[in-house]
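Structure below; questions to follow.
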Amino acid sequence: MNQEQVLSLLKEVKEGSISPEDAVLKLKITPFEDLGYAKIDHHRGVRQGIPEVIFGSGKTAEQIIGIADSMKKNGNTNILITRLSKEKASMISDVLDLQYDPMSQIGIIGRKGEITAKTKIVVATGGTSDMPIAEEAALTAEVLGNHVERLYDVGVAGLHRLLANIDVLMEAKVVIAVAGMEGALASVIGGLVDCPVIAVPTSIGYGSNLGGLSALLSMLNSCASGVSVVNIDNGFGAGYLASMINHIKE
Amino acid sequence: MNQEQVLSLLKEVKEGSISPEDAVLKLKITPFEDLGYAKIDHHRGVRQGIPEVIFGSGKTAEQIIGIADSMKKNGNTNILITRLSKEKASMISDVLDLQYDPMSQIGIIGRKGEITAKTKIVVATGGTSDMPIAEEAALTAEVLGNHVERLYDVGVAGLHRLLANIDVLMEAKVVIAVAGMEGALASVIGGLVDCPVIAVPTSIGYGSNLGGLSALLSMLNSCASGVSVVNIDNGFGAGYLASMINHIKE
Amino acid sequence: MNQEQVLSLLKEVKEGSISPEDAVLKLKITPFEDLGYAKIDHHRGVRQGIPEVIFGSGKTAEQIIGIADSMKKNGNTNILITRLSKEKASMISDVLDLQYDPMSQIGIIGRKGEITAKTKIVVATGGTSDMPIAEEAALTAEVLGNHVERLYDVGVAGLHRLLANIDVLMEAKVVIAVAGMEGALASVIGGLVDCPVIAVPTSIGYGSNLGGLSALLSMLNSCASGVSVVNIDNGFGAGYLASMINHIKE
Amino acid sequence: MNQEQVLSLLKEVKEGSISPEDAVLKLKITPFEDLGYAKIDHHRGVRQGIPEVIFGSGKTAEQIIGIADSMKKNGNTNILITRLSKEKASMISDVLDLQYDPMSQIGIIGRKGEITAKTKIVVATGGTSDMPIAEEAALTAEVLGNHVERLYDVGVAGLHRLLANIDVLMEAKVVIAVAGMEGALASVIGGLVDCPVIAVPTSIGYGSNLGGLSALLSMLNSCASGVSVVNIDNGFGAGYLASMINHIKE
Amino acid sequence: MNQEQVLSLLKEVKEGSISPEDAVLKLKITPFEDLGYAKIDHHRGVRQGIPEVIFGSGKTAEQIIGIADSMKKNGNTNILITRLSKEKASMISDVLDLQYDPMSQIGIIGRKGEITAKTKIVVATGGTSDMPIAEEAALTAEVLGNHVERLYDVGVAGLHRLLANIDVLMEAKVVIAVAGMEGALASVIGGLVDCPVIAVPTSIGYGSNLGGLSALLSMLNSCASGVSVVNIDNGFGAGYLASMINHIKE
Amino acid sequence: MNQEQVLSLLKEVKEGSISPEDAVLKLKITPFEDLGYAKIDHHRGVRQGIPEVIFGSGKTAEQIIGIADSMKKNGNTNILITRLSKEKASMISDVLDLQYDPMSQIGIIGRKGEITAKTKIVVATGGTSDMPIAEEAALTAEVLGNHVERLYDVGVAGLHRLLANIDVLMEAKVVIAVAGMEGALASVIGGLVDCPVIAVPTSIGYGSNLGGLSALLSMLNSCASGVSVVNIDNGFGAGYLASMINHIKE
Amino acid sequence: MNQEQVLSLLKEVKEGSISPEDAVLKLKITPFEDLGYAKIDHHRGVRQGIPEVIFGSGKTAEQIIGIADSMKKNGNTNILITRLSKEKASMISDVLDLQYDPMSQIGIIGRKGEITAKTKIVVATGGTSDMPIAEEAALTAEVLGNHVERLYDVGVAGLHRLLANIDVLMEAKVVIAVAGMEGALASVIGGLVDCPVIAVPTSIGYGSNLGGLSALLSMLNSCASGVSVVNIDNGFGAGYLASMINHIKE
Amino acid sequence: MNQEQVLSLLKEVKEGSISPEDAVLKLKITPFEDLGYAKIDHHRGVRQGIPEVIFGSGKTAEQIIGIADSMKKNGNTNILITRLSKEKASMISDVLDLQYDPMSQIGIIGRKGEITAKTKIVVATGGTSDMPIAEEAALTAEVLGNHVERLYDVGVAGLHRLLANIDVLMEAKVVIAVAGMEGALASVIGGLVDCPVIAVPTSIGYGSNLGGLSALLSMLNSCASGVSVVNIDNGFGAGYLASMINHIKE
């Protein structure tokens, strides 16, 4: 069910031609397939080419293949697998047509989506070491039909590298700021742009970085407005949310 | 400088008629007034009625009055003061024309803004006790020109209260989910809607809620896509970001 | 000493035919065998087929064999070994008749117990990755004589998967809710059912899940009544407690 | 809708005379009253005398009175208010017929319930200082129709005080173990009895008790089987769950 | 014993005319006065006007007066009291000639020191609310004979306020960066200047600022070189260390 | 039952003239009085003048009076009350003959004990502010019959103050090292003496002292042998343990 | 310098025949050998057979051999190496006459010491898995000349195992209580005996045991008097301190 | 641009011959090379022989080689690589002329710098195990042109080892104090010297050392003046800052 259908349904609710309770069911009690170890939704508009997502970590290669098979049978031509280790990717490749990027640990079954949004997402990183998470965000957004511009290694300790690229930032509809250590990049970018900034703390660093908590806390306490935060190393979540915002129509 | 001016400037950059470095200066080295204890920007389009914001906590009533005076002299007709205690509000009222809401601790100087976005923001809370933070978010968004719908006391332990209002959620361009204790509201709403969800953890609860950390961690680890998080009790930040998203044009 | 014997002893205490102090001794100073590295109880009614439990982690294969041997010599036909690594299981299999389940890391010596309770335990998980802990709980409960129904991958971000199975939940005498990440499953189930819910946080997740603490805190702060919590990844503890509750007679 | 009605509904589901989806709605989309600041359920069988519960903390006296009024109008003769400060209790007493216990901060509107369970709940504390939380648990259970036996100041540093009362423990259907500091009471009781033990950590102590976290962690790591844990100082939750278990019928 | 005397002593050590052990005694086993509750050093060159320091917090007004009296009797004309509450300051003023600054909670007995260093210390803050700690640092440095330049409210979310003052920063021998919330100021300044930056995290903020830990962790993880950190809100420590560095001679 | 009686009983156990189980009862199931809110032991040799101890915090004045009355009726001439607030002390003084020390918050009913150990306890503090906890330790030890020497304000940042008193340290049978902030005193003393050092971390400090955790962790990680640690601010515990060690006979 | 020499020196100090400062030097500026990477004391009475201790972790096998060689050259016949991995032990064995115990990771060079104390140390553990740490404590104490009695697997969830051995506990001069998980063993033993109890938290457990912090906090908050705590898994420290206490002469 | 040039530029600013904004650009918008994965500054005076620094952790060998190549092409004869694993060092050695020190994990391309400061840096450690971090600091400082004196294994539990070297400390312009476990070394040295002390907590230790947090907190709470702290195990940062201070000219 796509969003226009949702709106027309809601109009019926308002006009009283359908009760809210029935609408709920129409909206949400969509069919899913029960594999025992997983319950797979087949509700997100197959015809529209929106990819399905499988969180690869904590699932066996067999389980991932089973889930992907079920999705393909239901018409999905486009499946994104995140946090996919090299080993599992290799096992899946034997069975399915998988494109795999080892840096971001992302696997794609089917063809990459077309660009479906007019505006741009910028993905910026504090340092070179933040690239795996940044690529997880960027590839996710690309698969979801976005134009993505990368701005890597522009950490705040060398401000000129960021300032020299301010035009890139200014053209973004939404910015993903990826940084570990002190995570200050999100605040500085948040002060420079007027669009939403999605902050992704990374676990890059050592000692009192506490596995990324230092960057996370820094970002949550940002004094810049328009900044919100996702989990440590959650490039996928940032890419997905950025795509959502980038596709907003008035 | 408003956003159209920014765009035309950036075009000049691309055409090479102005260097990026010079554009940076034009964009960012905008005038500000130095009061010694504060440096006040006068750059956000005064003519457009966008309100200035003063973070009231940690400033004396005298400092707040000084800052507001400076803003008014520069043409701001619309000033939002957050985290303003009853005592300071009373002192400021003696001098300036202040509207004060004790529940959200928000003060407004000047008239509330007109509605400038066509779509709606929904503010939902898990319980009655989360209302002060929810109102901080809702009033902020209203001052910034948004239509806001409130959906209070719809916590996940009584799911029917949320499900019976699913049509309200479905009409939102962006949802603010405010919850303390286990903070599960954000995940459940995130699974129901297809728009961005801004999660605001609150310090409501006791014992192992750790002053709101339990809700914060819960929201950061949400398994629903499209959810991002702001600081504990940061109703203002959520309202500001929601307004940004609600005003996005394609 | 079984529970009927306990009750008759307590009656004697009330009637004054035995002092409380003497009763204590009769009750608790039961025989145990001292292996030096372990002191093994032989007090839980051998004749009743209740299995003995060995916590496998931190013990060598030799120690486990020694303990199991001692139990068998005392008539136990039914021994449950938890947290048993594949390596140790293989070493024990050479000597004893062990059934081993690698997913849950549970080993069973002897035959599985008969069903001794009329009612049912439901084990639900938020995701596929929570299955090892869920199986530890389910197998424990089954060995202890319970009928167990599994409801896997019903996390709150896809509420319809849970709601479509509400009849399964409604038939439970006690529910075990197993979830990592934001751990919201326990609250949502707690709001749907009227029976005790045992929440098992898992270490599934990454970053700010803090090895399961996010789910643990979330569950402890549940706003649903009837929810209590065991240690992170403690499937055994949940299965044991659920069996206790499932066997309660009025 | 009471539990028998639920069961007959579920039978219809099994027989196919009603779809699961429709049953969900019948079960859960029960009427509630929307006060704006609160959404009050009127679904728990009014005719059965089960009390409604209001969590008093974070609500104003006016809000509590409003909620209680709405409940009374729907036929509730029995309302329990927890975490009710002396000040609010006094304000409510002016309007409603409130019984108030300052130690446990519990208020009761209407008459205490009759005993509806045949078996007993034992509430034990480590020290005298744990009494406010223990009384919250005990009064909650009593209001819910249970016979409660109190066993206070039986901490593990003076084991004979506990052992001398072992007959009281042995007669319990469920034990609530309330303790601060090192929280060892739950483990020791858990090793002595064969019934469920609900552990309530308290914030009693100082320094490295970390506001109750030391007792909480201790209880979560209990090596005794049958122990589960609720939030720090959550006497109400323990009393409610204990009542649930104490009312279980085979 | 002043530093020249130390150097000449060390030369004797090198020449062998005095053993290292004897030098230790000469250097460090200096006279102190024992008041029972305090042991007061009288070793820092009285004749040179270097002030003595009393940490006011946790001492009674009587104890502070006793210590100051003892210092004055030994010739100190210049005593600095930190963390001195208004109440204690008022009590001390009755007895001693105290200058008191309520914002920084600093009291000075005797005249402020002359400027004894040729170069400058810059004290910068992220916001207006950081001023009490910044003033503690600035006044400490001034009492110790330094020229101090204040640069307040130059937080990174409004970068132009900082960049417009870059010449002030460039002239500093050492910079004290005072900031709460995300504490990014230290990193940004550290990237701009080539001198030591002393970072002072403040407890300004709320929620996940964790009483200043967010800023502290951010500063410790700074990716800028030349940054070191003192305790949260430790303005005195930063001022003292800055003075030390500002007085270094080649 | 005093210790000689214990030894003779244990000899009977070894000779087989009494079973271990019966000995347990004789030893531990000693009489206690049940006041409902407290269970008071009357087993520690009344005739020997060893004082009873009441932990005052969390008990009402009425409860303390009730407990003390019961103790006095059983012949205790010597009662120590710790963590007794000024207010409660004043209420108790109206009824009982109480000596009260406001700094350490210790109250004594009855006469102070005689010195019963030949050797000495030294109580050292890092600073003046640690005195309340140090006095709690010192007074506890004195009431328990020890000669106590105080060595206050000998923190490691002024090593000569400690070294000049090394002879006092050397004469101790056991040293209590009381320090907040970085807690280094315990390690330095532990390296200087050859007797047990009981480290008492205090909550003195601010910011990253985390309420005493910094000193606690520092002391637990001491690289000096012979150091053990009690809870933050637990002067009583240190005084009690020191007395135990100081009374050891070969 | 042995302790009698220390006492005679201190007498001289008191009589004024030597200044405190000179005594300090005599006492502490004892000879040590500088290997560059280590500074080895040769001050603890070689003639008395007290073993030297090398903390093996973090040192290379080469460094350990170098240190041991230097000690042996100075007459030490008895060297204890703790935290010595199997690999390093094997490399050292090639060069030096090393006895190695893999469970406790302790290595001994030279012969084990004779029993030099008349009384006994008891080492108790909560479970079988705590044995490596318990053996580190026990072997350390044995090398230091103590008679050690082991009481393993007597955790509080099976109280009868501890109570049946109460005579062993009663004969101890000092008890070492080794436990992970909830760490309640220390409190229960502390309530049973009248001698010092040294609590050793272990990292045994999982999930919310937080690597031993749960047991550590539990032990620090013990409500039993006479209990003090050492670092997590610090069997050596407990053994060393226990030996110190066990050797105390009146 | 070197510092003299900066000063002359700032004079122009003061005289008004250049605007501050233009000066900013001249100062900071220095050329850098964009490799995509890294943005390399070529602004730090090549002619002066100041080495460039590459943080090796989290970069591939290929990336490091690419960055180093770019630096060399711009004239850098002196490149410092920190946190360089043995494996990567070996791969880089195949291509570039690398000197590698496995203990400190530091690699140097080009020749070590000449001594450019007249005064000395002292690097002290608590134990032998702290050497890798200490060597990272020492080698960094040496590459930056400093004379470094090492003072290893002078922990506070054996104070005489430190006191015997007090002359070395006294000659330092700045001291780097490297210590794990309780981290007391910084406070003791801070009390002995009159120069800045840079404290480097290390992760050496176990259990409650919490990966270095115990030492970090200890150092942050130092009661000695003149002490500041860098991240856990951040030897490079300490060496860099020490060099900065050691090169200060009046």
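Should a chain be cited, it is by its letter among A, B, C, D, E, F, G and H, assigned in written order, with residues numbered from 1 in that chain.
As a convention for this text, a residue touches a chain if its C-beta (ideal position, glycine included) is under 8 Å from a C-beta of that chain, and two chains touch if they have at least 3 such contacts.
From a predicted model like this one, the values you see are computed outputs, not experimental measurements.
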### Message
As a test of understanding: of all chains, whose mean C-alpha position lies farthest from that of chain B?
### Response
G
### Task
Select, from A-B and D-F, the pair of chains that is joined by more C-beta pairs in contact.
A-B
### Query
Quick one: chain C and chain E, Cα centre-to-centre, how many Å?
58
### Separation of chain D from chain G, taking each centre as the mean of its C-alpha atoms, in whole Å
47
### Summary
Rounded to the nearest Å, the gap between Cα centres of chain G and chain H is 38
## Note on the structure
Check: chain C positions touching at least 2 other chains come out as 21, 28-29, 127, 158-159, 163-164, 192, 207-209, 213, 216, 220-221, 225, 231-232
### Message
With touch defined as at the start, can you tell me which chain B residues reach chain D in the complex?
### Response
127-129, 131, 152-154, 158-161, 163-164, 204, 206-209
### Message
So in the complex, the part of chain A that touches chain B is made up of which residues?
### Response
3, 6, 10, 13-14, 20-21, 23-24, 27-28, 53, 118-119, 163-164, 166-167, 170-171, 173, 192, 194-196, 198, 216, 220-221, 225-232, 237-238, 240-241, 244-245, 248-250
### Query
Where on chain G is chain H touching in the complex?
28-30, 32, 36-39, 41, 55, 57-59, 63, 201, 203, 211-213, 216, 231-234
### Query
Taking the complex as given, what residues does chain H use to touch chain F?
126-127, 155-159, 180-184, 187-188, 190-192, 205, 207-210, 213-215, 217-225
